[in-house]
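Here subunit A shows up in two complexes: once beside subunit B, once beside subunit C.
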Partner chain A sequence: MSDEVKRFFTSILNKVNGLNCVLISDRDGVPLLKLSKDNKFPELGTKQSFLSTFSIATVQSSKMMLGKNKQIILCYKSSTIVQLNKAPLIITFVGTESTNIGHLLTYANEVDKYLEEYKIVLEQNLI
Partner chain B sequence: MEFLHSVIEAFSNCCLNCREEEARAGEATERSPLLQQQDQRNQTLQIRRISENNIDENEISTSFPTREKDEQTALSRIVQETNSNIIDVSALDTHHMLEQSEYNDRVKLYNQRLAQQWNNIPVPELGYNGLLKDMPNPEILLNFNPTTEELAIAKNFVKEAAQAINDMKIDNQDDLVVPFHFK
Partner chain C sequence: MESKLDNVLDSMMQTENTIGVLIADNQGLSYGTRGVANSQAGGLITAIADQAAKIHPNLDAPVIILETENTSVTISKYGFHTGAIYKRKSQSKK
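Take a look at the complex of A and B:
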């Protein structure tokens, strides 16, 4: 199963232009899976403090009477970060400024079926 | 004398009227006041209300602590709901930062749990829908530019296929036009 998950996320890394790194983490930003092209992880984009900010931001932005927040896209001068809210997990994609976000988001729905085991691990930890 | 007679008659009439009124006291006549019964009803209602109020007061006096508790819980619930509904932007600055040791411990724990889970629990494999399902990471292989050998093989294959298509011939065995015989 681990190979299946890794293969799926590696295929996203290879298919989406500009994408460099994928992270599956808990809501505090502790990673469960880290994958990247050439094993290079952008330091700031994958920092625990940065990743955990998303969990608060998504909770606060869900209070705007617009329903539950599903994802947050951050576009910086030299990088693009897409974070998916798959509670209790956070999926973070880090890429260059020219990352094809539309293409990346087409995989957002497919991600769910690969996350079940990670969710079970987190639930065990919570108990 | 006539005067005395008239006075006696007047007294007797008065007494008769009094007797008639006494007899009709229970009945409602055209002269009996319409609001009298209403007043009586109001009085009985007032009495009932007073008694009910007394009961309520008694109840209040006995059930005051529970009502207070209910109000407290309702108030705390309202405060909690309001708190959860408020968009607190300042919370972003004070989010929970993990210590390095705790972070490392958790990473280790997650890795252990995942390894344990993948080893112990049989998980049904997800079907791969791709055309090249026998190849690991076909995207990487397909991203490479084709070599001259591969191009030659492909060209040869296409040439043979085209030749085979050209060599296809139809053998005419029966008549194409079949005559129908109508009776």
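Take a look at the complex of A and C:
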């Protein structure tokens, strides 16, 4: 199963223009899976403090009476970060400023079926 | 603010046999769609245009036409924008 997850996210890395790195972490920002194109992980977007900030941001943005927050897209001068809210998991994609965000988001709905294993392990550890 | 873009999309839809129009930015995010065009397709259409442009990187981005049995999709990249026009194939007169 884990190999299947790796294969799925590696295929996203190879297909989406500009994408460099994928991270699956829990809501505290502890990484469970880290994948990158050249085994280099950009400092921005992979730090635990950065990842855990998303948990706060997604909770706050869900209070705007617009429904539950699903994803947050961050566009910086030299990088793009897309974070998906798959509670209790956070999926973080880090890429260059020209990353094809639209293409990346087409995979957002497919991600769920590959995360069941991680969700079960996390829920067992939380009890 | 986007009235000019809306006008462009509407006028493109007036063209004969056109059933859908999409305009997306460089990051694959749709600015607007009309007809059968799905806003989620913006990413894929931009990706197709980017990949095709890599064939001859020294030349201008090519126009790509995807043909199916009943429909054709014409994709064109201009600067930071990518456009797609969905057309129904005209029936040949007997």
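We take it that the second predicted complex is superposed on the first by the 127 of 127 C-alpha atoms of A that agree within 3 Å, B and C clash if a C-alpha of one lies under 4 Å from a C-alpha of the other, contacts with A are read in each partner's own complex, and residues count from 1 in each chain.
Criterion: contacts are C-beta pairs under 8 Å (C-beta built on N, C-alpha and C of every residue); 3 or more make two chains touch, one makes a residue touch a chain.
Computed from a prediction, not measured in an experiment: that's the story for all the values here.
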On subunit A, do subunit B and subunit C fit together or clash when superposed? fit
Look at A:Met64 in the shared chain and tell me whether it touches subunit B only, subunit C only, both, or neither; answer first, second, both or neither. first
Would you check which partner chain A:Thr99 touches, where first means subunit B only, second means subunit C only, and both and neither mean what they say? second
Put down the vertex angle at subunit A formed with subunit B and subunit C, C-alpha centres only, nearest 10°. 90
Looking at the overlay, does A:Leu32 come into contact with subunit B only (first), subunit C only (second), both, or neither? first
May I ask you to decide whether A:Thr80 touches subunit B, subunit C, both, or neither, giving the answer as first, second, both or neither? second
Larger residue footprint on subunit A, choosing between subunit B and subunit C, goes to B
Between subunit B and subunit C, what minimal C-alpha to C-alpha distance in angstrom results from the superposition? 10
Intersected contact list for subunit A, partners subunit B and subunit C 15
Counting only contacts in the complex, subunit B reaches subunit A at residues 84-89, 91-92, 95-98, 103, 106-107, 109-110, 113-114, 117-118, 123, 125-126, 136-137, 139-140, 143
Please give the residue numbers of subunit A that touch subunit C in the complex, ascending. 15-17, 80, 98-106
Complex contact set, residues of subunit C against subunit A: 24, 26-30, 40, 42-44, 46-47, 50
Which bits of subunit A are touching subunit B when the two form their complex? 1-2, 4, 7, 10-11, 14-15, 26, 28-32, 48-49, 52-53, 55-57, 60, 63-64, 113-114, 117-118, 120-121, 124-125
